[in-house]
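Listed after this line are the structures, all set down as structure tokens.
Shared chain: subunit A. Partners: subunit B in the first complex, subunit C in the second.
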Partner chain A sequence: MEYPRNITTVQATTILISTIIGVGVLPLPLFAVQGGGTGAPLVTFAGIVLAASGLFILTILGIRHPQKTLISYSEDIVGKWIGRFFSIIVISFFLFLSGLAAREFGEVVVSAVLRETPLEITVIVMLLIACISVRYNINTFAYIHNFYVPAILAPGLIIVALSLKNANPLYLRPIMESNLTSMLKGMLTISALFQGSFIVTMIIPFMKNPRKAKKASFWSIFITGSFYLLIVIATVAVFGPEEIKQIFWPTLELARTTAVPGNILQRLDVIFLAVWVTAVFTTLFSSYYFTIFSIKQLCKLKDHRLLSFFIMPFVFFLAMMPQNILQLYGVIKLVGKAGLLITILYPGLLLMIDIFKSWRKKKRAAQQS
Partner chain B sequence: MSLFRKMKRTKISDKTKPMTIPSKVVMDQNKIPDSLAETEEKIRGILGKNDDFLVKRFKIFGQFSAAIFYFSNLVNQDIINKDIIRPLMYVPEHLANREKTLKNLIEIIMEETLYHGQSKVEERLDELLTVLLRGETVIFIDGIKEGINISTREVEHRSVSQPETEQVILGPREGFIENIDSNIAMLRYRLPTADFQVRSMKIGRLTKSTVYYCYIKGIANETVVHEVEKRLSAIEIDAIMDAGYLEQFIEDNHFTPFPQIQSTERPDKTVANLAEGRVAILVDGSPFALLVPVVFNQFYQTTEDYSSRFLMGTFARFARMLALVFSLIFPSLYVSLIAFNPELLPTEFAVAVAGGRAGVPYPAVVEVLIIEISMEILREATVRLPRQVGGALSIVGVLVVGQAAVEAGLASPITVVVIALTTIGSFATPAYTAAFALRMLRFPIMILAGIFGLYGVMVGIILTFNHLLSLKSFGVPYMAPVSPEDKQGMKDVVTRSPLWWMSKRPDFLQTVNRTRHDQDDQNQ
Partner chain C sequence: MLHNNRNIRLLMSIFLLCPLLLSGCWDAQEIEQRATVLAIGIDEVNMDEDNQKSEGNIAHSVNKFPIPEKDMIRVTAQIAVPGRIPLGPAQGSGGDTTKPVLIVKVVGHTLQDALVNLQQQIAFEVFLGQLRIIVLNEKVAKKGTQRFNDFLRRNPEIRRTASLVVSKESASSYMKLIPELQRIPALYLADMVDNLSALGRFPPSFIGLYWTILSSKGQDPYLPYLTIKDKSSIQLSGLAYFNEDKMAGKTTPLEIGYFMAIKGIAQGGYSVFIKVPDQDEEVLVRAISRKSKIKVSLKDGKPHVDIKIRYESEIEEKGSQNILINDSKIVRKIEKEASKDVSKSLKKLIVKTQKAESDIFGFGEHFRAKFPKYWNKQIETKEKWNKVYKDLTYDIHVESRIHRVGMKAK
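Moving on, here comes the complex of A and B:
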């Protein structure tokens, strides 16, 4: 089924923003502090730069092949079977990612809000909304992300703004701690939080003006990067790095300690979580949509809607595999690092091969003429 | 453009088709017999036994035998007597010395005798019978194979008054009535421009209702007009009672609670929408006009917003939006706060609420559901009450649901307050159909809230919004201008920006002409 190219640049930007900002925001300061201590903001910044370069590579690749998604043009660049093999790896990676995102959010809900609900139920509910929503076409996909972005950015910014009155700038110094290897590891982990940006490969074929994808990528990384940086700075300034190392979800704690002036509403973390459901939903929606859409392209099917309920049990199985939250975070870090290979190294290789091929083609054409 | 989905055709069973005039006449040949007696017999045969069908024989100019056929209840008898029969029976002076034969009789009658502006000569019998049934008069002359048909229709209709479903304080008080000619007249006098096009078709095997679809050429998108035409001609039904029947056939998605066509009784609202680039559909017999394409934010806008100054309009709109949001999620929020997260409320208030709920035997969600359901029943009951009983019964309803239920321990006072605010909120939504949609959606979200608390409310809201974002009305995305973002359209979503700021038409309608006003057009 061919859809008309309808996604505007602003919509592409919002798709990227809402995909990247997801459940990863909750443990973000923990990862940053584990990597760099008080140098957490710097670690975050380095992670953002790495992620931005990855996105840049993807965007350039996409612009060179404006009619095709990664699944299709990887077959062109490295040949049918190698391309398909790596596409299957990419698809399974995103399947994993969807499962882990649903599981992580299920854990958050069960420990913070619905203490007596079994974990399976919250995970299933999250996956079910994703399943139902994946049945729409790509234009509705864009509209949905476009619609929810203000709802995602606003609570984070409000929490950050309101919490700064408890901030202690001393916690942010020294800017860089001397342990470089842990900083590097932290940078990689944080960069893994931006993996949702891979979805740009699916978006570019449907954009009205694919050349403007660069602008969309730049702005999305800029906005999400600043958002993440602000959250890390605010959390570290309010709690301090040692305290954060004890908390699984520092951002949630930040929301909990914030009070609306005048004590109209206390314990804002529940509201924060409720609104955060939209952020997690958009991320899960994107990765699940990417998985289904890519399977459809790989197997040359006509319609992706049937797949949505069929693939769901696999995602659920992957989601429930870690036995407890510690194992979950171990798996997330591992998958994140593997993901960096898949989302940065593989596109980088593709780009180099693609440039090499077209350089050779030009040389041959120049020789013949 | 493949923006439109294929419409499903609904076919009525062929076995029960009534005999229509063309089918009867085709059996008999469509010609008018020479002899007047034969014609009369043929027509009476087709029309059957009708005691209000009159045939008056007379002699034209004293010479030619003729008869006039009409349905006495549909015609203006005065016109027939004075403007048709009289000039035909009484030879006028300027014709006294002319030779009148059968050959030039029709010409003399049509061009020199009849005092009527709408008369025609017709030689097809089925056409003459069709117009006879609509209230026109037909004259047959012995020896001539043509009939003269004259427009004499006059039917009782109510006077133009303020529509009851859309009342305003500031603004015109005219509303459409059932007679479609008066409705079109109301539109035409507001749009005295050559670009205003009115096209018609007849729908409905039995009712043959005249359906007019109007648009402004040069503003409305031609694709939308074609799509409207296509969908209207695909309708197969025997009787159209109201514009609502048409709406159900031509809407994009039948399975959504949200309306994709707006209906209004007000001509000023129709004209405003026509000027934005929409198409209006009117049916004879219904005071409602259908407006397509539609977007969601039209459902909380009223004409009063535009007649008042922009600050007033903006403020009223905020209140309405809040009422809309309330009508959807307020009971669910109450349930989730009380049953799952009472720590969110200020402590004294939480204690008071808990105290009020002390005697209630069920969990919060069951209590809220009971009161909600009784409220819905009450609402349906009050719609059908005659005016005299209505006032008293609403008081009884309030007392029963409010006071007595609380005293009996069926509900807590705070529940009744919440439900009352919700119901009032749903009345504040101007579009009845949209308010109904939100009323219906309240229940699943309440149940979700009862199961999962605030998380459930969010899940319900996300599912609702995703559904809204996937709807299209005649190719226009339902949540435009919020979702496919459109700067010009956004000026009219939450705030009602001053009229001079909104100089361009909204983008989502893809109108041909994008500017509303221009300095150079002042003198047009």
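Moving on, here comes the complex of A and C:
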């Protein structure tokens, strides 16, 4: 199947950036501090490196099969049925991810902003917007992401810059604090926040120049990585590791503590939340698009539009499963870590088999001639 | 026919969409329907004054549910009366005698318990999003603030930038006080506390910072300590220092300046009399800016702190005509005298906090950050650090520079 090749390298980069930056921004410093105490920036950095390696594997795989998405080339590599089996796992994982993102969004909105609005309403509204946007083709998808990226990045950076006034560099030392196992766990949790980057497998077949996917992957992980790292450094420097352990969403709290000088805005959380809603939307949009597009490919359907509303109740049901916020975060951490098997280990295996196969093919060709 | 059908469909969908789009915000609340709490004062319950009766079994019934063991508190809230908060300067000749705020007193076992009781007395929903200042009575602060922090952290309406202060008099008297400079008492109080740090009278202090310091292991929090003068004006009378969450004592106002010097807060503000050497007269010297460097080391396994402070000051006033400030030699002498005086007072302040086991300077944070091995082995907890802080050794080096003497030549 040949796809229209319309997506530029810049668009691919922005799709990745706005997909990766999502709900995870809020609890990010908490995850990092739970893993490494004052060593939170180091833990974050390690997580980014791990995530980057996963993305790199996916990009190479994609470039080796520039006409196909993961769903179709996995069938080529490991055989039809095994490939399909794993594809179903991947799809259901992203279905889970969409549900959890929607729920986490609802949970933040209900406990911090709109306290009277039922949780179900916020979640449904978010899912509906995603559903409607998913009905368009991949070009619209790229445009939407491209449009929102500056709006997501800029306010975050402004908040970080303004908050540094209250920073105490002592909170960032010593750089290595806790034991290695908890740091490793923290690293896994952090790199799970980058799982949205899996979307790259879906974009490559649509890129004007698939070879440039490497460039797009590098820049997207570089930009999101430094963005996340900056947020962790700023929050830890302002609050200190012990205080961060006491709050669910340190980044939101950072925005609440930071004021624009000159009494223009006494707290920045309003701006931050507005931005954050768009960030959540783009992430949800991507993972939902990926789910539906992959189902379409798996079942060899012609159009994905019909699926968008058909799948929504399932996502909603998944979103409503956790009883409360504590259970939700338990599930998120668990699913995130398990997901690393799917988003890093599985593509890694595919790549190894693929390279081995092509090596054998070459050898055979050499023997025959 | 087909055309017609499409039109009807369009019309139908518009009608169906209308209730969705016109419904507005679920959390909508009119500003007049809100009891906006501007300030809260927390006192101990005085059994004679307000007896148990005023707590009417609201959040719990007597003897049925577990009632918290802790002493009861009395909360005085200042609530803005809708429509009476003047925006901008007062209009006309001030003939308006209606009060812009309402003051309500309630008692409770915990802060939220008291606020629940408060809600029971007020028709509108209590809204804490505009809470600017919380006044704690000294006695309550001495028993510990941790019991209030939980509620304040959990509630999303509370701002982290709200102020927290300790008062000598009962906190309710601060709520009732009517300042002349501003129409709304709570806002005057809050502005005053906010401006203290802008004027260099007090290090930055707000409730978020207080929590941050309280949570970290190597330092103890501090808060402004206020008193009421002449029944109508509020004065910053020192700094309340804490041992963990319990207030341990207070300093004099001048010592706040020394505290800021050790903290290395550049904005100077305090003036001090310095005796001119060889003479019986004094000059008033004001700190303009300060810089401090704290070096920590382990001497034979014992923590040691080396504090270097550099002052930039100016001479504001001289005590009598007998002193001639006309050459740099005498200024040099005054500088030396100032350095000596300051380092003496600094020592006094440190000894005072050491006695109270209250490391408000955050020396412990330096040790935690720079000697993690020592910290993890010997200290680990805040209580342990406070014990060690008691016997901490230190050196102080002060250097003053007087760069300005004002517009007078002599």
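Rule of thumb we're sticking to: the second predicted complex is superposed on the first by the 365 of 369 C-alpha atoms of A that agree within 3 Å, B and C clash if a C-alpha of one lies under 4 Å from a C-alpha of the other, contacts with A are read in each partner's own complex, and residues count from 1 in each chain.
Everything that follows uses one rule, which is that contacts are C-beta pairs under 8 Å (C-beta built on N, C-alpha and C of every residue); 3 or more make two chains touch, one makes a residue touch a chain.
What you are looking at is a predicted structure, and each value in this text was computed from that prediction instead of being measured.
K.L.:
Tell me the contact category for A:92 with respect to subunit B and subunit C: first, second, both or neither.
P.N.:
Neither partner.
K.L.:
Kindly classify A:114 by the partners it touches after superposition: subunit B alone (first), subunit C alone (second), both, or neither?
P.N.:
After superposition on chain A, A:114 lies in contact with both partners, subunit B and subunit C.
K.L.:
Classify the contacts of A:247 with the two partner chains as first (subunit B alone), second (subunit C alone), both, or neither.
P.N.:
second
K.L.:
For A:179 in the superposed arrangement: first (subunit B), second (subunit C), both or neither?
P.N.:
In the superposition, A:179 contacts neither subunit B nor subunit C.
K.L.:
After the superposition on A, what does A:144 contact: first (subunit B), second (subunit C), both or neither?
P.N.:
first
K.L.:
Could you say whether A:10 touches subunit B, subunit C, both of them, or neither, answering first, second, both or neither?
P.N.:
first
K.L.:
Identify the residues of subunit A that lie in both the subunit B contact region and the subunit C contact region.
P.N.:
Of subunit A, residues 113-114, 117, 266-267 contact subunit B in one complex and subunit C in the other.
K.L.:
Hey, which residues of subunit B end up touching subunit A in the complex?
P.N.:
Touching subunit A: residues 2-3, 340-341, 343-344, 346, 452-455, 457-459, 462-463, 465-466, 469-470, 477, 479, 482-485 of subunit B.
K.L.:
What does subunit A use to touch subunit B in their complex?
P.N.:
Per the touch definition, subunit A meets subunit B at residues 4, 6, 8, 10-11, 109, 113-114, 117, 122, 125, 129, 132-133, 136, 139-140, 142-144, 146-148, 263-267, 270-271, 273-275, 277-278, 281.
K.L.:
Show me the residue ranges of subunit C that touch subunit A in the complex, using the header's touch definition.
P.N.:
Interface residues on subunit C, with respect to subunit A: 25-27, 153, 156, 159-161, 204, 208-209, 211-212, 215-217, 362, 365-366, 368-370, 372.
K.L.:
Please output the residues of subunit A touching subunit C within their complex, sorted ascending.
P.N.:
Result: residues 38, 111-118, 121, 166, 168, 170-174, 176-177, 238-243, 245-247, 253, 256-257, 259, 266-267 of subunit A touch subunit C.
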